[in-house]
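Below are two complexes that have chain A in common, paired first with chain B and then with chain C.
Entry: the complex of A and B
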């Protein structure tokens, strides 16, 4: 136990003394999360609209007046259909609306006027949302009153504030990348600096050294998570914490152990820090992108859905989303705990065996 | 310029790339990024999991639900009568949307022409929630128009004749994959070019070059030509993945795509060259290159947000980075097919050429033979 403690403390102190590493970790957990949260806005904004009004109708102006910021830019008038299409082909305009000459007349005669709309659907989801928005506006003109009165409620995040969500997911990605790299580095640094042989000479048991080194990095990561949560995610972006904080911490510890296992495996396979960087990228990127962070799992192709079952990040992300936003209670979270624990035990055991062979 | 010396150095570079197995990464990483991002980032949501709380259980409510069952955007998980039960499903992350049809839905619709529906959407992921809201509204608006026509409810109906240009089926793959090629071809060559030079610096073998009669331009050609040639092959590999695996249509001229991609690779490897001048450690070079290329590459690629809807500083910043110009051409060759007939494409191709010349000259001027 004394060996464990001294190796553990040695790693923590080494970490704190290498200011470059401290700076990188602090940057990733604070500024990086902040930049991602404040920079990425994916909802349709400032959609450019162009129109041709052949009949100079009043209704057309009324309809256009409903397209306002922040969703739409002020509609631009084009003199001919061709000019409008050219602008769309040059990607200057995203939505083109054409009001035909007899539009006003037909509307007055209840004659079902038609409005051709051209959508640049190279940005598919924005085009779709824009279309629905337009349909809604036109429907107001079509009927004196709508048949259905839709009461739409977005649970957990009524205003669709994407900042807190993106900063949260970015934090989870940072945890994944750093959790793997830090653990791998504490071993490979010894290899690179030539102090590995000293490790082999010490009377301490190899298992103590491995566990102490791995746990020291888990502790550092936990510190990072608390900093990221306290300063950025909960403080700046005001993410809600609807569930239990301790459930999240426990899930994080289990997940960090899984990452440490992957880190051990990488440490066994690589000789230089450069190799660590390459290998961790190769492993972490699939983990992040196939975890359901950006695409819902059920929208993926079937074989990827099956593959995502063995991604620990899948359970971690879904679990922590549920804890933070959905406020799910312990009784419904056990699935995530079981998933992370089983994968954690397997990867840690595998990594431990791999690195143990080097002692 | 001595061809023999360059040839010898080139041979050394290729052998080193193959022996250090870096060659695997050169072809694995671009493909991996394309596949991961292509599958991993979907802005559209298919098969939204819908739970219906149908308290009305009338013919009309059944008809309404048919609008959802026949759509690729929805799957009705099940119909229940308990709101608590449905909410629990959302908390367990097993459902996304609850549609509540109140008990007097049919009666109200026939008597007063006004019925209300309540919709609850899991808003944990805001963008996904907005997209799902769009789908639900779209389906319900369609249903409304159907009802109005069927039961002769007075309305002057304005029909939208909608044409989706360039991407008729509104497939997400078409919208994302061409943009990804621009991202990959920006990141990968820059990374390799930076590594090839910084590696020598870190190992100290750069002194072989400093002390050899090899001139600066010969050294640059020997270092950058392998990157250029090896990544030229990636242009074709990425093209094949896009058209065969992701089934993205290709409507433009392949020559334009090829030519602009080669120029774009030149830009990218010049960025790598510039990075290699200011760094001495491989790990720093990797981090720096990734920061310079990935973040603007992603933000200004037009994948997440069309450039035309950017405003203020981000609109200006987008014009400073090369990816915007390349992606305009990439999207054009894949989806639009105007080619050089469009003035804008011609202009952007010119800008790319100018960009590559400036960066290459800058890089070779700043590169010094000898210790700084």
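Entry: the complex of A and C
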């Protein structure tokens, strides 16, 4: 126990004294989460629109009047289709709308006039969401006699606020990256500094050293999670906490142990911090992409959907979202706990075995 | 007017003064040496002269005076600088030939017959003519340094600055490096820094450096002569003198015969003159006496292979109770690998190992022995973010030493090893000599029976090295500890009871040091014997 305690305390002290690392961790849990939440915008915002109105149509002006801030900038008029296309090419305009000469006339005759729309699709998600917006506006406009009305109820996120979602998901991604890297670093730093050999020659049991090192980093990560939640996700972005905070903490601890297991494996395979960084990227990125963090799992190809079952982050994200937004109770969370626990046991066991071989 | 004239040179990094008011001048055809430990200021001095770090003071070369790196641009075509570090200027993926071509191209030299002839001559002298297609990463340490040197020489620099080109290089390559230098010495002025005192004999003039200052300068012989009045034969106990290896240094007259000093003597005398007498070191006896078998370690045919490369080839070795065994050999001869096999840090590929009379066949056999073995690695590996006391406590905990005993033990070692006042400092803020002793403290905290030391003295200044050896002898005498030590300093073989020399993974010498001197009475120093035996054994 004394070995466990001294290794544990040594790692905490070392962490707190390496201010560079402390700064990186603090940044990742605060500013990084904040920037992700406020910078990644999925609704159209300040979209630049250009148009050509060959027939000086009044209807066209009425349609354009619907494109207003904050979603759109004031539409800019171009004199020819070519000038408009050039502007799109130069990235001055994202959406170009052309009202043909006979637009008004055909409209009056119910002759289905066409409105060509040009989109700069390099800003892919913005462009498509803008398109949906435009279609809605045009649809509203052309359906003078509506056949039915849609009454939309937004559940769990009444204001359709993407910020708190994104900040939340970013926090989980940060946890994934750092959880792996920090655990791997406490081992590999000793290899780099040559203290590893001396550690091996002490009669201390390898299991005590490994657990103490892994738990010290889990503790540091828990501190980071509380900071990120308290200062950014719950405070700045006002995400709701409908379920049990302790359920989330327990799920986090289980997930962090899973990550520690991956970290142990990386530590066993790396000789330098540089290798840790490379391997962590290689492993964490697929974990994050497969988890449904940035793309919903149901829109992935089938085999990737199957593969996502082995991403522990998937259970962690779905579980955490249920706790935070849906307020799911303990009794309905067991699936997520089981998923994270099973994957956690597997990765930790494997990582432990790998690093244990070095002793 | 001399070719190079340096006056009142001063280099400072933030708080640290690296070069403190140094002046000297030197002429073409001279090899001017700067000798001192790591951190004495040699590299900073050279970097200032080469115009790569800011400095104050004045340097003039060929009547061109410069005060800043910017003004120094003009002398760079005449300059050849070889920075410290094995093969630092080389590109691991380029071959020997490609290196020469690269350096010819960046110096924009005219590729004519004369140049062709000159490079071939250089390759020949460096003994690299047969290896022109070999990639730099496959060269040995000595070959790398020779290649670096001829790459620096390719544009025939008139001012050649070599920063510790021989550090970590085996004695044979060191001699070849010196031959190349002697050969082209007439055409240029060579500034040469080294931590090896024995190289001074080949220099025209020597500057001894200590803590940013030049403490003595002159021809090697005159320097040694100047130390004579203060050097005495034998050991003498007094507060104002230093005794080391059967010599005593004192500023006052002692009732003893004078002894022939060495360049190292000057460092002791300097310490006396500045009233910086090192604290006396004294080790307390073991807390409980131990029954130690007469043979502590025995290796029979130990072999280690890395792929096709045989790092250690069937090595037999014995370490007796209370014996100091020096393990010598060039870089890559297999010294560190051998120690790591003994410690179980590398698996043994072939052969038998007995530690304290017990055959070692699995990691489990080592478990009980861990409390009896002490190890100190090459770079004094300790935790940089923890104070000395925290470091020592940490190791005490890992060795299951009870806290109350550990605390008294740490205080005791700190005062007897002379670092008591640094207990609460971080290792990075302390001189190398202190770190060295405190690493040793960490290695002997649990009172081991045998101590494995991997190059514990490299880079440490003369006085700290003397103290360290004094400490090792005390451990040997009072604790009956056995020590296996590797070193690059040939002169340190004199402090060992027995030496084993490895060459390319094979054992070529295993003999008591006094017997060796009896066998080769013509030898002036151990290096002569080493060199003779090393050459004799053709691989």
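Here is the rule we go by: the second predicted complex is superposed on the first by the 266 of 359 C-alpha atoms of A that agree within 3 Å, B and C clash if a C-alpha of one lies under 4 Å from a C-alpha of the other, contacts with A are read in each partner's own complex, and residues count from 1 in each chain.
Following the convention adopted for this analysis, contacts are C-beta pairs under 8 Å (C-beta built on N, C-alpha and C of every residue); 3 or more make two chains touch, one makes a residue touch a chain.
All of these numbers come straight from a predicted model, not from anything done at the bench.
Applying the stated contact rule after C-alpha superposition, one finds that A:222 touches neither chain B nor chain C. Of the two partner chains, neither chain B nor chain C is touched by A:253. When the shared chain is aligned, chain B comes close enough to touch A:127, but chain C does not. In the superposition on chain A, A:241 contacts neither chain B nor chain C. Contacts of A:290 after superposition on the shared chain: chain B is touched, whereas chain C is not. Of the two partner chains placed around the shared chain by superposition, neither chain B nor chain C is touched by A:342.
More residues of chain A are touched by B (comparison of chain B with chain C). Once the two complexes are laid over each other on the shared chain, residue contacts for A:3 go to chain C alone; chain B is not touched. When the two structures are aligned on the shared chain, A:18 is found in touch with chain C, with no touch to chain B. When the shared chain is aligned, chain B comes close enough to touch A:298, but chain C does not.
Of all residues in chain C, only 340, 343-345, 363, 367, 370-371, 373, 375, 377-379, 381-386, 390, 393-395, 397-400, 442 touch chain A in the complex they form.
Those residues of chain B that touch chain A in the shared complex are 25, 28-29, 32-33, 36-37, 39-47, 49, 88, 90-93, 96, 109, 113-131, 133-138, 140-141, 143-144, 147-148, 153-168, 170-172, 174-175, 282-283, 286, 299, 302, 304-311, 328, 331, 335-336, 338, 342-344. Note for the complex: chain A touches chain C at residues 2-3, 5-7, 10, 13-14, 17-18, 193-195, 197-204, 359.
Considering their complex, residues 39-48, 73, 88-94, 107, 110-129, 131-136, 138-139, 141-158, 160-162, 165, 273-274, 277-278, 282, 285-286, 288-290, 293-296, 298-301, 304, 318, 321-322, 325-329, 332 of chain A touch chain B.
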